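Next up, some structures in structure tokens.
Each of the next two complexes has subunit A plus one other chain: subunit B in the first, subunit C in the second.
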Partner chain A sequence: MADAASTKTRAEVFGRREQGGMLGISKSSRYVAHAILILGVLIVAFPIYYTFTASTHSLQTILRPPLPLTPGDHFFKNYYDAIFGGVGRIGGVSVDLLLFNTTVMALGIAVGKILISILSAFAIVFFRFPGRMLFFWLIFITLMLPVEVRILPTYKVMVDLNLIDTYAGLVLPLIASATATLLFRQFFMTIPGELLEAARVDGAGPWRFFKDILMPLSKTNIAALFVIMFIYGWTQYLWPLLVTNRNDMNTIVIALRKMISFADADTQWHLVMVTSILAILPPVLVVVFMQRWFVKGLVETEK
Partner chain B sequence: MATVELKDVRKVYGGKVEAVKGVSIDIPDGQMCVLVGPSGCGKSTLLRMIAGLEEITDGTVSIGGQVVNTFGPAERDIAMVFQNYALYPHMKVYDNMAYGLRNRGTPKDEIDRRVREAAGILGLEDFLERKPRELSGGQRQRVAMGRAIVRKPKAFLFDEPLSNLDAKLRGQMRIEIKSLQRSLGVTSVYVTHDQVEAMTLADTLVVMNSGVAEQIDTPLAIYEKPASVFVAGFIGSPAMNLLAGEIAENGRGVKLVGGAYLKPRDTVLPEVGRSVLLGVRPEHLTLVSDANNADFQLKVTTVETLGADTLAHGHPVDGDPKSSELIVRLSGDVQVRHGDVLPLAIDAGKAHMFDAGTGKRI
Partner chain C sequence: MSARVTFPNKILPYALILPQLVIVGIFFYWPASQALYQSVLREDPFGLRTTFVGLANFRHVLTQPSYINSLQTTAVFSIAVAFIAMSVALLLAVMADKVIKGKGFYRTMMIWPYAVAPAIAGMVWLFMFNPTMGTFAYMLRSAGYAWDPLLKGDQAMILIIAAAAWKQISYNFLFFVAGLQAIPKTLIEAAAIDGAGETKRFWTIVFPLLAPTTFFLLVINTTYAFFDTFGIIHAVTGGGPGKATETLVYKVYHDGFVNLILGDSAAQSVILMVMVIALTAIQFRYVEKKVHYG
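Presenting the complex of A and B:
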């Protein structure tokens, strides 16, 4: 009975939405709203489209303005040259190596941040040990110490540990995350105590509880953090610039900067454009792929 | 299957709050012990100490003759049914029931056999592939029961397992739990604050009040001979009438605070002048046709018609309306109205005497 009633209300709501929704928005203003939205999309998308167009023309075409608005016929040649041929200005390193480096760094940061933060949140929420609150506050105040603030001492430590020009050097200093720890802590605190007790009665020790119950329940949080942290790692500029000297250890963002010379004629603009497109592709793929997870997690709320 | 024995069990939280003040209970093998009492009296704390979820400050808990004070919940081989079911939200019903067995390294085919057997008993066969959120409250309750059954533990512990269900379902599940516990013969401890649950489920009933077990006995014995004013007022609905007064000179019975005299039949009265509380259950007051046979006259102030019964609230005509307020349970076909005067007799031997100072039964 209650069900029938709620179904009816929903139908009524939908019915009204057909005529402009509950706010009473008229048909014409909906067209205006859509027009504005489409305009917004165009403004955001056009530079990306234009970059792509540029990446399919020869260097000569690009250097002879105006640049055509439609893609040219150098798509395969440019992309092949960039990915397999190497780019002169960065010591002949090919873009596939840059992509690999950046992927290692972004994945390392994202996975590492999630692992470390979920484990520390687990410790802080579910264990009683001396100095628990002290550790919590220590983690909390590192929020005030982003890389930029502690860059000199961190660099010195990396030099001392011989980690310059290594993947570990790229990843390790960025791997701790107070934000993610706090996020997991907040989530863990909402997990009912009864669930923990049921697991204990069922013979699950701390590790089993973490693996069989906490991790699966945190799926959505992990997915969200992974997207955010992957993009954070992918777009790092200052730290990779410092900690890598060799061209073959560069990330794609650093390499992109190096490819552009002050003298316009020196720059292989078609390869720069190809590299730009390739640089934005992985984050976009991560977002697109993980978004399905997001929505899935949002729709079937666990707990 | 095993006995459960508590000896002087105490719980002090943080060195200050004494939640359980020395409780001793012996639960024979296969019996159901119900802990009942008002909110905050320490029922859950006591149960959680038996489960191993709470440290025992003092005293011993033995399961199957073995002291288990230092054992973790898993080592005690008990199963617990929680108030909010505590099902693992991301696991299917099947896995919820199987999880405890898997952690114990039970072979796969044995797990499967036991889960399907439990599902059969509880009527859950069609839900094994569902997640808890796709079940109704009653079905979730069954899964929680199933999770306990499959383990074949030494004891079942229940902490208000039915309090989230509606009245009708609660009645159903109560009967199911009872017959299930009987047929499996597993020693059980059941916490509730619902006295109907307590009376119907218990082999042994423990009435708790602020950390103390006020009385431990069969439900009927507790109903018939409550050991204290607290138990008298807690068990029975509507609650027992408790009237303050003192023992009058020979032959006149109890002189109520409000002035009236009441003389219960077949009841041994203590010495003259002692301050007492006279307890009479509403169902032990009978309407008599001849006013001469009446023990007192009740002036009716409120009438509750329940159908099968009629509850008349009032006070003795010569008594004080406030301090000697009474409830009488009359048969549903008696016509009573506000302002009526009813001649009432106290059933022979059904009056209870409590010391006014200590609240203990005399």
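Presenting the complex of A and C:
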């Protein structure tokens, strides 16, 4: 307390000097910092800007490098063709179906992970039952079993359960979440026991306690996890590659991969560029507009 | 902990935890145990008979030149990606820590590539650098440099390293900024009063105090380079040209799923499992207690 108060007074006394003066950061070094940051932003943004520019030019322009640095006049035509025209190379599946598939997958994974993890954490923290810690460890250890280390046997399970080319197949195997369970468990353990006692005295059962007390308290955690898990679901690659064969079940990322061929002269590059932009846009918007939750989620899911 | 107030229900908790356990059992433990089991079996060429061969699959895998090659490829790739992504992010985070105006703007502009799928990051870099239509490939060739990542292994490697590192900068940036903010300003002020310049202060105070963050990011970046970059490699190079960009994870996929060599693929899976366990153990053992974010 005393420390905070003294910092405040000092900040008031020194005013703006506190920001840089005390630290000896000169004005010129701050200009250099801005210059480096702007350069950094340009490097980070350029590849996407390049793709966007390409998506507004005709195929002919794209095939004759160098590409102009400014957007062309084919914006509406290219986007219209990609969204409503159906793209030849991936079996006539239009981009809106691909976006729909990807949205189902991302939403399904985000909601599914949160749902089963919050229920598991609820059971582990607020009940005592034989096997409780064993179950907790069984969930925890899955952190060490990513899809990559069990590709073939997991594929076989999918075939046996008839889950190839289904939404359930895209979503279900990915909704187990050690990270989310750990996060909710940690959070639930900070909830004072008095709260639960008070709820029980008032005659609230587990369901009532969960719905009226736990859920409202977990709102920020749920929002943060949702953002992270939505992006996780949207950017999946290996899993949809394994479990979808039919073109109309592909996610947009996989379809994009199928559209590209360098050996083949008739790759519709302008439509490829449009599809790339449409594949990038939704998760980027989520990050930018839900930045607060995104940052919180990122920092917390990594323990 | 044990004194915690709880609900008295006996059956309900099982019902609550069941969905997660079912999924974990069917899609994680069963396949993982199958991988372990198959790693000690070998199928004859027609798939009619399987025999127990002990550790022969492991011996076979570990002595294969192509496996040694993919180990080296993975090492080069991971070290390069982690080093580039972390040093660029650190530089930018230190700069962002210095400026007063525009902090929020810079942060927003830095973090959004996190949302780009690795495979798309790879394809976007390929658009810019492919020999047919890439503007940068065109510029390199006009400058007299023989650039063709589709035919030359080392150039393909450079391309996927660039794409993988580019995508990871935003993540590292965010954590370095948090780490920098956690360093007490009084320490830096004291050094400034003692006459230490900015560079000296960075290397003698800031960088050492940032060590927990750096170490944590090193583990995370290694895991990322090992596993999450599969999409980049599959979409951009397909492990080629030759086997120049075939990492361990790509090889597991390729041997198991494309070439259908079950025993070898299972043995490789088990080796990877050991690596993940080691990485996770390091992360929890050494990182958890020492890094704090506000």
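Please note the rule applied: the second predicted complex is superposed on the first by the 271 of 303 C-alpha atoms of A that agree within 3 Å, B and C clash if a C-alpha of one lies under 4 Å from a C-alpha of the other, contacts with A are read in each partner's own complex, and residues count from 1 in each chain.
Following the convention adopted for this analysis, contacts are C-beta pairs under 8 Å (C-beta built on N, C-alpha and C of every residue); 3 or more make two chains touch, one makes a residue touch a chain.
Remember, it's a predicted structure, so these values are computed and weren't measured experimentally.
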Once subunit A from each complex is brought into register, does subunit C clash with subunit B or fit beside it? fit
Between subunit B and subunit C, whom does A:Ser29 touch in the aligned arrangement: first, second, both, or neither? second
In the superposed arrangement, does A:Pro216 touch subunit B (first), subunit C (second), both or neither? first
From subunit A, separation angle of subunit B and subunit C (C-alpha centres, steps of 10 degrees): 100
Per the contact definition in the header, classify A:Met273: touching subunit B only (first), subunit C only (second), both, or neither. second
Quick one: is A:Val149 in contact with subunit B, with subunit C, with both, or with neither? Answer first, second, both or neither. second
With both complexes overlaid on chain A, does A:Val111 touch subunit B (first), subunit C (second), both or neither? neither
Once the structures are superposed on A, label A:Arg208 by its partner contacts, choosing first (subunit B), second (subunit C), both or neither. first
Which partner, subunit B or subunit C, touches the larger number of subunit A residues? C
After superposition on the shared chain, which partner residues are touched by A:Ala224: those of subunit B (first), subunit C (second), both, or neither? neither
If we overlay the two complexes on their shared chain A, which of subunit B and subunit C does A:Ile164 touch? Say first, second, both or neither. neither
Can A:Leu242 be said to touch subunit B (first), subunit C (second), both, or neither? second
Minimum CA distance, subunit B versus subunit C, superposed model, integer angstrom? 7
So which positions on subunit A get touched by both subunit B and subunit C? 197, 200, 302-303
Complex contacts: residues of subunit A adjacent to subunit B: 192, 194-195, 197-204, 208, 212-213, 216-217, 219, 300-303
Contacting residues of subunit C [partner subunit A, same complex]: 1, 3-7, 9-10, 12-14, 16-17, 19-21, 23-24, 26-32, 34-35, 38, 88, 91-92, 95-96, 98-100, 102, 106-121, 123-128, 130, 132-135, 137-139, 150, 166, 169-171, 174-175, 178, 185, 188-189, 192, 197-198, 216, 220, 227, 230-231, 234-235, 249, 252-253, 256-257, 262, 265-266, 269-270, 272-273, 276-277, 280, 283-284, 287-288, 293
Which residues of subunit B touch subunit A in the complex? 51-53, 72-74, 78-80, 82-84, 86-90, 99-100, 103-104, 133, 147
Which part of subunit A faces subunit C closely enough to touch in the complex? 19-20, 22-25, 29-30, 33-34, 36-37, 40-41, 43-45, 47-48, 50-51, 54, 62-67, 115-117, 119-120, 122-129, 132, 135, 138-139, 142-146, 148-157, 161, 172-173, 175-177, 181, 189, 193, 196-197, 200, 205-206, 209, 231, 234-238, 241-242, 253, 256-257, 260, 262, 269, 273, 276, 279-280, 283-284, 286-288, 291, 294-295, 298-299, 302-303
